[in-house]
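Chain IDs A, B, C and D follow the sequence of writing; residue 1 opens each chain.
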């Protein structure tokens, strides 16, 4: 008799399985989890801690907070950050001081580990929430983070 | 055949099949050289290295903080647990005691990672035996965990949240609320998994009695995690060598004695329940305090050898550091669970059909970057 | 079993610990370390596994190490019944033809792990069923995890 | 009163008045064949779209929704893409058989459509051995699959083809026997007469218990015949990659794909015809409007097609030996018992008739 009870129980499990998919079929319009990506660009907000790419914020006077200490460059595991710096005479104190010429960031090599931002003593760099990083040409992934003509914000020291 | 094969006395009715490196069931770039007689598997020889990046060599030139982010890329489904393994090894070597808050948060993250990993495995398990819908149901629930991770760590998969000495930053204010929401949601969905797949008669027929692994063989092959526990081998590192806040919680080690594919399946399902219970025990009791202790900017480990084992979603991950007192490890070896688990694939698959190979391989829950490193 | 008891037991297996050159140390490690001569390795391993008091049935880590002028293998063993652990080390100075006995017949997991050691360190194992380059291609030049390995193209030295 | 019928009748009369009889018949055949080909190619495409939509709804997705309103033109775009793709092949393939195989599959699929009664007198070919013809035709398709797997010079394809051979030959038996069970009530193989018998109640009602069993067995083995999940061992994505059509690309692949969906439609249509009264409306509510029969026929068929899709997106796949166990140890004995039961019921006149 177990032959028939096997069949019966087998069919029962199949039908209960079908009831699960059937339930979702009936609720498919409300429960759909699809994100309609390019259309929902307006409403799609990344979390504030999202690691999109490293940026260097500038204030309205075109001033940044990077002193060129190179701690981020050392912290980076992949050689993503290169700082080109120069010693220049500070007009106020008259002493020679390390100033950045270019803060080069290779987005293509970045693994978004966050060690550079942890290492930065002056909060000069931070994460941007931008996630649309694809480009047609790989060279455009190499970015200079400090804007042309920008200078160090007064009062920022290592 | 350019790769040497074990089976030199190759019979005329047998033939080779090259399964992978591009094959839907190998979940990545695993290549299996199958010797088949009709539909019956005669020999399985894995050929690895298609995603080998020599992480161990890279570690020898990196500082201890930098090593952590490389472990994200080994077993990417339990990345937080991998991170923690390295951090624990470094902390033990430096004899740093991290605050209780860090321990609790780490454990919560570990268990959420474990749920996420088992969840994805469940979806893929269904796909491997032909039930395609499981994948989407699993991903719906996993998405919530990923959102929790993203909100706190800023990344969904390669989180790099642990640093030697604690955590990179404190948990997000929404964290507790979201975790509770997830737990409430997931508790209603997990029984559905059973109705849809576990109890299904076809699925049970496919899994029961297939891929038999005895307890002795499991130990001898170095099986760990759900693969070992499905064979009745009590190998949960969380029980045998508790770390972080695991000594504060009570949970049952999921054990099955059958040793077949279905036992391994059941172990993972039960582990999801146990992980939920661990998270529930801790989520209301996150102690106040610092989220990290200060370490030197340049970490130098004392001369010596350090070994730390943790339980990832796949099994026992070991981090073996040999330090000569410099800022880089002299040698760093990852004992990855997948590598040992893969070595028993030949043992459990021989004699079965091609469909059995796929089903029992799915219960090993292989992640190829974890095996190749 | 405590480390001390283990040490006493294991040294009682060999008639004369001085000539057999078993070395025990607990320094710089959380486990009891035994250094053994390559010729005695297999015999010791068989005893460690089969003796009911030690019963090291779980080989959980097998690592190759390049010690500079020596090449070695480190075996981490655990007993699933007694839950004690031990580390066995073996070294050879013959960097050109390093050769040890395989422990595949004692722990089956060693098959893959020894392949890995062979692949990265070039250490050969006697009686291994299928010693092959498991990760790298068959025609790979050199053994990458050795300290004297050089690859100008693929290796980035910091 | 009967628009569709009068149109076909008018065309028929007009052709025969224009030409000698042979030429007129030939023209008529070609005309009907072309119309069927066009209509069912589109039906096939529509079924592909339906499958994708239904799958999406089962899986909490939206499905294709970008090409045309609600994604209606998605499969047409896909077909255009497939037409424009390069036809690749393996080097040491048996070129002749390799190229022949897809046509075998698609032509046999289309041939079976000829005998289906879509509405009253709306049937291309009312042969008196209708059911027999359907069973015979539907088993030719497997030759195409075997050829495809064999000639591709690919081991995965070969395994798929061999599985298909085993599977189709086994399940053919159950399909035939379960239909035979119901034929006991009708006493005829001609499809139009089977429909006429059902004016007294659909056969699934007339034959009650054994007919319901027969229907269940038919649906299971019919799903196996079309090589769809849970019996998709022939393709078995996670095991064989794509099975017998691994090496096919472009339009040749599309033929296999289309044939699968047309076969599914045919299996559902046969079930509709035999068990659910074909184009007859329930309780004869639209008996005065025979052209609505097409609507009823397609409606019933689509419900059954949906059932097959539901199976596909819920169940895991069987293993090859379990597939054969199911057929030879379960379906076949049950079927034979069922046949005897039905014979007794017909003999004792226990059928339910209105």
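What we mean here is this: contacts are C-beta pairs under 8 Å (C-beta built on N, C-alpha and C of every residue); 3 or more make two chains touch, one makes a residue touch a chain.
Everything quoted here is computed from the prediction, not taken from an experiment.
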Top chain pair, ranked by number of contacting C-beta pairs: B-C
Per-chain Cα centre nearest the global Cα centre, belonging to chain: B
Chain whose mean Cα position lies farthest from subunit D: C
Subunit C and subunit D, separation of their C-alpha mean positions in angstrom: 64
Length of the line joining the C-alpha centres of subunit A and subunit B, rounded to whole Å: 26
Euclidean distance of C-alpha centroids - subunit A vs subunit C, Å: 43
Residues within subunit D bordering two or more other chains: 58-61, 313-315
Set of subunit B residues in contact with two or more other chains: 62, 133, 136-137, 140, 196-197, 200, 202
Multi-chain contact sites of subunit A, meaning residues that touch two or more partners: 14, 17, 20-21, 24, 33
Pairs of chains satisfying the touch condition: A-B, A-D, B-C, B-D
Subunit A-facing residues of subunit D, complex: 54, 56-62, 310-311, 313-315, 330, 334
Subunit D partner contacts - residues on subunit A that touch it in the complex: 7, 14, 17-18, 20-22, 24-25, 28, 31-34, 36
Residue ranges of subunit B in contact with subunit D within the complex: 15-17, 23-25, 39, 126-133, 135-137, 140, 196-197, 200, 202-203, 205-206, 353-356, 358
Sites on subunit D touched by subunit B in the complex: 55, 58-61, 155-156, 159, 229-230, 232-233, 236-241, 313-322
Interface residues, subunit B side, partner subunit A - complex: 62, 65-66, 68-70, 72-73, 133, 136-137, 139-140, 143, 147, 150-155, 158, 160, 163, 168-169, 172, 192, 195-197, 199-202, 297
